[in-house]
Structures are given as structure tokens and as C-alpha cells.
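First subunit A sits with subunit B, and in the next complex the same chain sits with subunit C.
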Partner chain A sequence: MRWMLCLALCLAGFRIEATELIWKRAPILEQDLARALDLHVEDLCQELGRFSCLSQVHNYALGGHDPFERGQYRPMEQPSQLTTIAFERVIHLSCIKRLDKDIASSQPQVFRHFALNEPLMMIPDTDVSAQITDLYQRFLLRDPSANERVIALTLADRQRFGTRPGRELAQALCLAIGSQLEFLLF
Partner chain B sequence: MKPRVLWSLWVVSCLMGAWQAAAIPLNTRLFCTSYSSSPLCRNGTTVCQTCHTAPPEANLYGRELAGLLLAYPDYDRTPASFQKYLSQALDDAGPLDSDGDGFSNQEEILAGSNASDASSQPVQDPEPDTDYDPELAWRRIHLLFCGTTPGYQAFKAFQSMSQIKQKGELHRQLDRCLRSDFWRYQALPRLADEKIRPNKAIGVEGDPFIIGDYNYDYRLFVYIMSGDRDMRDLLLARYHINAAGDKVESPIPDAPIPGRITVANGQPLQVDRRYGMITTQWFIATNTMFATLPRNTASQAYRAYLGLDIARSEGLYPVSDEPRDVDSKGVKVEACAVCHSTLDPLAYAFTPYVGLAGARQPVGTYAPQRNEWESWTHLFGEPVADLGEWARKAAASDAFKKQMTRTLFRYALGREPRGPQEQKDFDALWQKLPALSYQAEDLVHEIVDTLSFAGRN
Partner chain C sequence: MSPKLSRRRLLEAALWSTALPTVAAAAPRSPLVYRSRPEKLLIVFAANGGASLIDSFLPVLAQTHNAQLRTYTQQQLDTVPGSAFRCVKSIPYRLGVPVETRYQMRDFLARHGRDMVLFAQTGTSVNHLIGQQRSLNGNGINRGRTLMEAVSEAYGQDLLLPNINMALGGYALAGSDPSLPRYAKPEAVADALLFPLALHRDQSIEGRIDGELLAAARDVRGRLEQNSRFYQDHKTATLLEEVLRFRSDIPRLEAAQLIESLMLLDRARLGQAPAERTEGNVLLQRVRDQFPAFATDPLEAQTAMAFLLLRYGLSTSVTIGLDELVRFTESGQERQLLHLPLAFDWSHNAHVGAQNSMWRRVLYAIDRLIQLLKTEDYLGVPEFGRIWDRSLVYVATEFGRDKSKIGGSGHDLNNGHVLISPLLKGNQVLGGLDDKTGLTYGFDPNTGRPDPFRTMQEGDQYSLILQALGVRFPGQRNFPTAVRDT
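== the complex of A and B ==
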């Protein structure tokens, strides 16, 4: 259900109209994701807690290349099937990293519009909406459209997830908004 | 493996490749006689992939041509017969649509798209109402040259500016980005990877062997491509940039590293024989290796700085009485000679530069006793006296202007120029290089002003 909503959000939000889009390749994605989530580059997604997702493990799939150790002198021309999977994973794990920092901090930087440990049923729509706006501004440099806000708010399904902590909603919102193609193509 | 076995394998592979590729360069010239204005034709030849997947396998368009050729009753599959009917077959295949994408083969070839790939189609000219979008340019400039944007509030502030202020702000921001660590230490070095072709296992961190320090190459590339420097220095510079970032104009000796077999890790070449990136110690060591005639070195210089890949039948300018086969590699065989009559004359200029075989002299230095072939050197089919003249002629060529423009254009748009608008912008850009004093940063400013970079309907 949540994945379908994520997909709906992607489709609703994909509105770049330029005739030719540019792929935000690994080195730029790394910098821009760090900015969006207010993290240092080295604090972004890491596989096994050791290997950078962006500059090592998924580097090639995300449009980078490693000339020194792998003899890759040119990156891929176009995104492959692996690109979208790697992209979503990088966003997801980086969102979790930011969440962990915000939960541990008395002054959360990104997920600051509702209490992350409170059950969802205690969090009002206005706070969720503020978080949605904040994430759109951080990732996509714009406010959400009315339609996008409505779709994103359906992630806060209190009937089904009312007892779950707010951090799960925050994670879902971060993934759904951050993994839109609009963040990958520009 | 024993040298004799290796030699046999080399000859067999050369002959097999030759048989498969028989007369192909001539055929690509015939193709370009029929389609002289096609972007697929450069210097009057096209690449194998226009008609083949991997030669001799034909692609969809190639199969179409083959079918048309076979329809001639006296077509007997010989090169002579192929060349006799190719022009007519090209005409007949023009109106057909081999890949079924709705565009005829002729439309695709003239637009530079792939007639055998339905996903590759001619890009239409922008609608007459296509405008330059400063907001799209703002986003792209920040991401491509700074690595990120300053965020939502900065974007709102930009949006609130007048159009005139926006244009000035775009170029001010681009200047800031071009001085950023991201551009100078991350993005710009990656543009050199194909030209330098580093290898960590044998580079300055190699263990046990160190055959060169490619950090000199990266530093020189970044230095020349930034600030107000002239890109022709990529082929002409007589200096190096040391690890501290200082310009060094004297030879830098090798410095053995304890515990490693340090074959080379300096820049010991005498100053008056230096020609930028194509005479660094790494370039000579890794490309020449043990060769008597450094064909790899010449072909890599030709590919990296002039955009001409002989392996793809690009930039062939056969020289009469060549190849001489000075190192007895069997390249006089007719099918090898079609490329080697260009390649070997290109390579003679590199023979005095010592590769890994010259134990008596440091790698990358100039050995006057090895210059007996130097005067036979040709570039673009014309004689040049030595590598100095080779480099000066190359740096002044349109091929160099196009290649360096392509390097930056491809970075900015994420693709080769394609379609009429991009081709038009690309042509205007490389032709403007002399007026820009060959400065890479000025060229980037020109690129971001094009509709190819930030046009929106």
C-alpha cells in the first residue's frame, strides 16, 4: 500500500517540462542529497556500515565511474534498470541516517515538525503537512502542489498505522518525496 | 607465455581481424560520399557501428543494405562488387525505416541518430517558441558545477529577480562554481580519466611496481582547464604542477620509494622536448610500455585530444608508401595497412621517448639515438618534423577544438550533441574557441548560454 502511494506521488510530482533532462550522477547526487538531508557526505547511506553507497558500492549504477581501481574511464551513458533500485536504496538508507540523528538530538534538523516517538494517532495533519512541505523544499526546491500534499497525507493512515511511532511516517515521507524522479533528473 | 607463441597469436589475430574488416575504411568513405553532411561522418569517414553491431555482424540497417546488395544479379560478395553497388544500395535504403521508429534511414543518418535503434531518433528542432529558461539554468549550473544547490530559499530569491538581473547572477554564480572544490577536485579530474587512463595497481600507490605517477597528469589537466589558461597547453605545456600546486619548469627526477620497485615516478624529461599531457612520464610509460614503435601512445593521443579513434575508422589519412613495418609486425598486410598507413606515421614521432624497455635511461626521457624514424612522421596526412610540430599542428586543428568542446559540452548536457539545435550550438561553440583564447572556463560560460543547455518550450 505504501509503495503504491509512493508511486502515485512520483507520478503526480513528475512535472519537469524541459525537452531533454540531465541525469544527476553519483558525485552530484551525493552532494545534493547531503544538502537536502543536512548530512555530511560521509554520513549518507553506507552498505554494511562501512562502504559508501554513492562513491563505492552503487557508484556505477548511479552514473559515476571509478577509473583507478576498476578501469572505468567513462560512466554509463544512460541509467540502467539498476539505477532506480540503487537510487531508492540510497535515499531510503540516507533518510534513516537523518532520522537516527534527529531522534538522538534535542534539536532535530529535518524531521522536526512532529514528535518522532509519539504514535501517529497523536500527530495532527497540520504537523504532517508542515513536514511534507519541508521535505519538498529540501529535495525539490519547491512547495508541493495541492494534489501532491493530499497524496502524501494519505501515508498518515491512522486507521491502519495509528499506533505506530511517528518516525515510521517520517521515514515513509522522506522516501516517497526524496525518491521522486524529479530529484534524480534535472 | 613464450614470445614466439605470443607473436604467432598476434599475427593470427591481426590476419583474422583484417579478413573480417577487409576494405571497411574504404566503405565508410563511400558511405560518407553519399551522406557527406551527416554528423555520423567525421573527416569523411564514419564508424563501424553505423552498419555493424560488432564487425562483421551487421545491425538492422546493415542487414537492410546487405539485402539490397544481394538483389543485384551479379553481386558476388567481393569487395569490388560491394563497392560497385554500395552507393546505389545506400540510395535505395534511404527511404526505408530499418528500425521501425517512424523515421526513414535517410532522416536518421542526416540527423545523426542511429538507424538501427528505435530508441535513437532525430531530435526535432526546438519549437519556435522555445525560450531560454533562467530557472532551469540556475538549477543546472549549481548542480553541474557546484555539485549542489544552495536550497529552496536561494532559489526563491533568484526567482524574484528581474530577467536582466537573473542573467548576470547566473554568470556570477557560474564563476563561483568554477572556483569551487567540487569543480576543481571532483568534476574536472573526471573529465581527464579517458585521456589519462590511470591504473592504481601500477601508479604511484602501486605495489610492488610503480611505473609512473599520474597525479602529475591530473594536476596539469586541472591547472590548464581552470582560470584563464589556454587549453592548447594540454598539447604544448613545458611545465608540470607539483603536489603543492606550484608550477615547475625543470625536470623532476624519479625518487625511489623504499619497499617498492620504483620504475618511474617523476617527470625527468628535458624541458624542450615536453608537450603537455602527451609526454608526461605516465602517458609514455603506460601507453608505450615495451613497444619499439609506440602505436598505442600515438593512437591514444589522437583519440584523447583530437577525438579521432583509429580503431573506429576515424581520422584515417593514409600516407603513401606506409606502413613501412619498421618493427616487422606484419602490418603491411593489405587489410592491416588501411589503418596502419595512418597510424604508423603518427607514431614515429613518439619513438625517441623512452618506454619501459630503456633500462639505461629514465622512462619518459628523450633518447636522441632512437630518432631515426622521427622525420617520417605525418599528422593529418601531412609531414611533420617531430613531436613538437605534431603537437603544434594538433593544437591548432579543428579536431582539437571540437574534442575539447565536446569534452565540456558532454559534461554539461550528459550526452554527445545530437539533433539539429545541439549540433548548431556545438558547431558555433568550437568555432568560437580562438575568440575565447581557448579558455575552458569561458567556453563553459558560452555553453550555459545556449538553448541546448537551458531551452524550454
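== the complex of A and C ==
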């Protein structure tokens, strides 16, 4: 009986939270990003138009390591300052890569819910909302909540960005949704 | 699936810049000056694998009573007038192909010998990883802090990248002091050539949306995160808090536009920037000329980057490190070895050849770096004096090699280290060498006189280095005869 009382008092004094998070490192991030944007791994972002972001330039900052060409036998234990910058760059560059393919294609794969060449003021909110849902499902494997949808829709601000082409809104949405830390940590 | 192009081939194909275009000169940009300037600068050169001092600047002269030891004949040794040191001449060595022989230790002595101190020391571990760590943390004498962390803690608070570490293995590991301020922790850099691309979120991204929409996207992202179930569930998680803190520091880093200043690759040739003759570009070209193999040799790239980080006041401590990969270079029609497999640890297979080759490689890079540090003003401001005036180079290594003359060599605790700095009373050996055993011995810290019955250890050297750099810690040992008054 006494131990049950102690346990109850202990629990009352502490908040039990889900606090364990794992850093999604470069090899897994690469696969998830390729899947999210329907790209081959080789077609994901490149720095300076020629260096693979994830397997070369930002590999180490994003938690990978290259034992063969760089003699790195261990990855970093924890994310660093460079990780946060590299993560956003990788997402941004990959979004642009996908966008360019969809613009050039008669059958866009990801950015297919509104016309990418039309100005924002011609694009209804329902179409933007559908794109938001699609991006959430691709990156975060879930639907946005009602509140999240409202927040994301604020990017379709026609007073500020109404003359911009749809592809710019698409890029902004991809970056805003894809570069959330929920995609980097799990 | 297209074959993966090797990094080396991509770089060789595209990236040499021989001269700046003769476009009309833009108005010179003011030097990059940041909020404060650190008083002292530490450069750690990680000579991975066991760099033996008696195979470089403290060689044992061959005599009848030491025939069983690793020794050198008078003809194999060299010196310069007025120097307290001798050095080993270049020794031809082949590993299938010949090792390149462009550099002589004598040149290093001639240029920097008067600022050089040899610290005779016996370590406490023959394990690579542990020996590497102890060569940097003084075997725990300062709460587990590495030299780099201690210097960064003292001088790096306002700097953007106070402690940059480009080394590998135990040299790349952080110390173990939980009380170390976050800003003094090492930032690991895997590739000196390409790492500047991780210093800005959107610079050099072609086709990106403009600043206003980009800022709006980031703002929306922040609000999405705050309102997500994920954030509600994990907002107290240490990892999430840490990453959010890093993210909040990004604008400060981006404001410095460091890709422009640090990008050794010629962005103009890559179509990423206009070809302008700016002050920053002139300096970059000078650095490229000083390290002509920067695009293909990671050691030269790291050393070049170390200079830029110090020159621009971004860092107070930079660590350069050898890797363990074999590398080649071309000399005319001939292929030559530039870097041995396992670096200095190739001594297991061929001691003399490995030590001679790798010492010359290391000293070549340090020589080129110090030459730049001696000729450039700190932050580009003449009133601050030369960068070298406030710098200290420490050639770290995990242990020595055994002294017996039998082909390859194993690990040996007994060794010594090379320190180069105008902050030290240079041109001296702190300790001595017993030419009957090949073992180094210590010295009296108060008088500086060699003492054959005394052994100096990692904590002693650690104390001396920080003393020279003006950093104090509890339990620090004192070496009044080795450090200049400043």
C-alpha cells in the first residue's frame, strides 16, 4: 500500500511527456524527400548545379557520414548550427527541382492543384487548400488540421501576392510545409 | 541510373581560377569586421596517426652506442644557422609510386624556426582515439574541455563561428564539460570547400522566390509548427529546443553573407556571381594562389579555410586534420603519392618513409598558412597588427612511435609536440633527448632547464598552450620561461 501511495505522489509531482525525439539523418531524409516529391534520389537538390546536396555537400551536417571518400567513420552525434541551415536549403532546392519538372510537364506530379502560370488572384482558395493537403500528406504523412490549413492559406494573400504566378505560391507552400521540424525529427 | 561522378573529377573539370577578369574595379568593400575581436587565435593541426618528433625536428644522430635505435646519419640531417633544432632531409620513399618530394623540413626551420618550440612529452594512451582526445584535452586537466573549447569560451562569445573543427576521429570530438557555454562548442565541418553553402539558407539558390514571399513562407512555417500536434507533444524535448535555438541564430549568420567571403570555389566561373574585382575576391584569389591544390586536396582546402575564418574574425579556434585516405598528385607525366594511407600510422608498415613523407606534407601546409598569417592584418585593419602576432599553431598527435630500428613501428607513449607562435619564447627545446634510448625527457618548468628525471604529460602541454594564449583555468601549471610577456 505504501509503495502505491509513493508512486501516486511521485506521478503527481512530475509531468509525464513524450519527449524522446530522433534526428532523421541524411540517408533517411534523402529517401523521404524523394518519396514526398516523387523524385529519384539522384534528381533531388544539387548545389551550384552540380554537387549532390544530401550525399555530398550537406551530408555530414545532416547526420550522414562518408567513410570511403572522406574517411568519416562516424556521423555527428547531434545536430549543429549548420544542420538547420542545410535542412532548409535542401528542402528549398528540392521543391524548386520538382516545380521545374511539373512546369515543364503536361502532367504535373506534385504541384497539380492549380495552374502554375496563372497569377494568384485567379486561383481559388479551394485549389490552394487541395495543394496544402497534398503537401501535408507527402511530407508529414497526415492531413493538416483545420487550424493548420487556415494558417497555410494565409500565404495566398492576394493583396500582397496577387500578381505573382502560381508557381511562386507553390514554392512558398512547399518550403513552409516541407521544412517544418516535424519532417526532420521524429 | 547515371554513374556517380567522383567529387574529384567534378572539381577538376570546372573549378580552377587563374586570374581575376579585368573588369572595371568596383569600389573596394570595407573589411568584414564583426562585433568584437578575439585577443588570441588557436590553430590545431591534427597530425593523425602518431607523428614522431625524433623523425622530424629532434632526430637522434647515429652513433656506435645507439645502433639499435632509429637514427639518422649526419648526411641525412640539416639545420639552419642559429637554430636550436635539426631536421631530417627528404628521404625518397615509394609505395608503388614515389611520394612527392617538393617540400623540405629545412625550409620550415628557416622561415619559422625562431617561433618554434618543441615540447618533450610522454602521453598516457597508445589507443588512437583516446590519445587523440587527450592530446587536446590535456587528459582532463581542465574539466574535460579541449584546448579549442577553452579558447573559444574565452574569446568567442561574440563571434559567428568561434570553434570550427575540420578534423576527424578523436580530434573532432567535443570535450566532456557540461558547463561549457553553447557558443564554445565545436562546429564540425566535413568539407572545407563546400561548407560555406551551409551558411545561408537561400543565397546561391537559382529560381528562389523573392525576399518578401520567402519571409512570409518562413513565418507561416513557424506558425504551423507552433500549432501542430507534433510541437505540442514534444516542445520540451531537448533535441527540439536545441534545433529551434540554432534556427533562431541563423539570421545573424546570414547577415554576414559568408558564402561570398569563404567560398574558395570561384562562383563567377560557376555562373553564381558576377565577376567583380572586390576586396574580398582579391583576397580569395590570393588564398587560392597560396594553396593551389585547394580544389582537389582536402588538406589545402582546410588550411585555406582556416586562414579565411581567422582573417575575417569569424573564429578564434580552427582545427585542421589529416584523413586516412591515400591521395595522389600529378607531376609532369608521373603520378606521385601525396598522402599515405592511414597518414602517420602507415609507420606500422614503413616507419622512416611514412614519417618523412607525412611530416613534410604537414609542414608544407602549415608553412603556407603561417606565411599568409604573417603578411595579412587581422580583420584587414593595420592597427590590429598581423594575424600571426596573436596566433599559436599546435601540431597535435596522439603518440610517438617505438624507437627500435625494426622495419615498421608500433605506438609509443614517449614523444613531443611542435608548437609555433610568436607568443612563445621560440627556438628552444623544452626538455631533452637521450640519444642512448631515443626517449625524450622533461624540464624544470620554473627554470626551463632540461631534467632527465622528469616527464611532462598532456596536462603540462595543455597548460602551456593556454598560458601562451592568455587563458587561465583552475589547476593550470605555470611555465614562465616558455611564454613571452604580453
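What to note about this one:
Heads up, the rule we're going with is that the second predicted complex is superposed on the first by the 168 of 186 C-alpha atoms of A that agree within 3 Å, B and C clash if a C-alpha of one lies under 4 Å from a C-alpha of the other, contacts with A are read in each partner's own complex, and residues count from 1 in each chain.
The rule is simple: a residue touches a chain if its C-beta (ideal position, glycine included) is under 8 Å from a C-beta of that chain, and two chains touch if they have at least 3 such contacts.
Computed from a predicted structure; not experimentally measured.
With subunit A as the common reference, subunit B cannot sit beside subunit C without a clash.
Shared-chain residue A:137: touches subunit B; no touch with subunit C. Within the superposed three-chain model, A:79 lies in touch with subunit C and out of touch with subunit B [touch as defined at top]. Using the contact criterion defined above for the overlaid structures, shared-chain residue A:148 touches subunit C, although it does not reach subunit B. When both complexes are overlaid on chain A, the residue A:71 reaches subunit B and subunit C alike. By the document's definition of touching, of the two partners only subunit B reaches A:34; subunit C does not. With both complexes superposed, C is the one of subunit B and subunit C in contact with more subunit A residues.
By the touch criterion defined above, A:123 reaches neither subunit B nor subunit C. Within the superposed three-chain model, A:23 lies in touch with subunit B and with subunit C [touch as defined at top]. In the superposed model, A:54 lies in contact with neither subunit B nor subunit C. Only one segment of subunit C in 99-107, 135-143 or 153-161 runs into subunit B in the superposed model, and that segment is 135-143.
Across the superposed pair, subunit B and subunit C both touch subunit A at residues 17-20, 22-23, 65, 69, 71, 73.
Of all the residues in subunit B, the ones that touch subunit A in their complex are 123, 126, 130, 133, 136, 139-140, 143-144, 147-149, 151-152, 155, 182, 186-187, 190, 193-194, 196-200, 203, 413-415, 454-457.
On subunit C, the positions that touch subunit A within their shared complex are 1-2, 4, 6-7, 10, 14, 168-169, 187-191, 194-195, 197-202, 204-209, 212-214, 216-218, 220-221, 223-225, 227-231, 233-234, 236-240, 242-244, 246-247, 249-250, 253, 265, 267, 270-272, 298, 323-325.
Subunit A makes touch with subunit B in their complex at residues 17-20, 22-25, 27-28, 31-32, 34-35, 65, 67-69, 71, 73-74, 77, 137-138, 141-142, 186. On subunit A, the positions that touch subunit C within their shared complex are 17-23, 40, 42, 47-51, 55-61, 65-66, 69-73, 76, 78-86, 88-89, 92-93, 96, 100, 145, 147-148, 151-152, 154-155, 157, 160-161, 164, 168, 171-173, 175-177, 179-182, 184-185.
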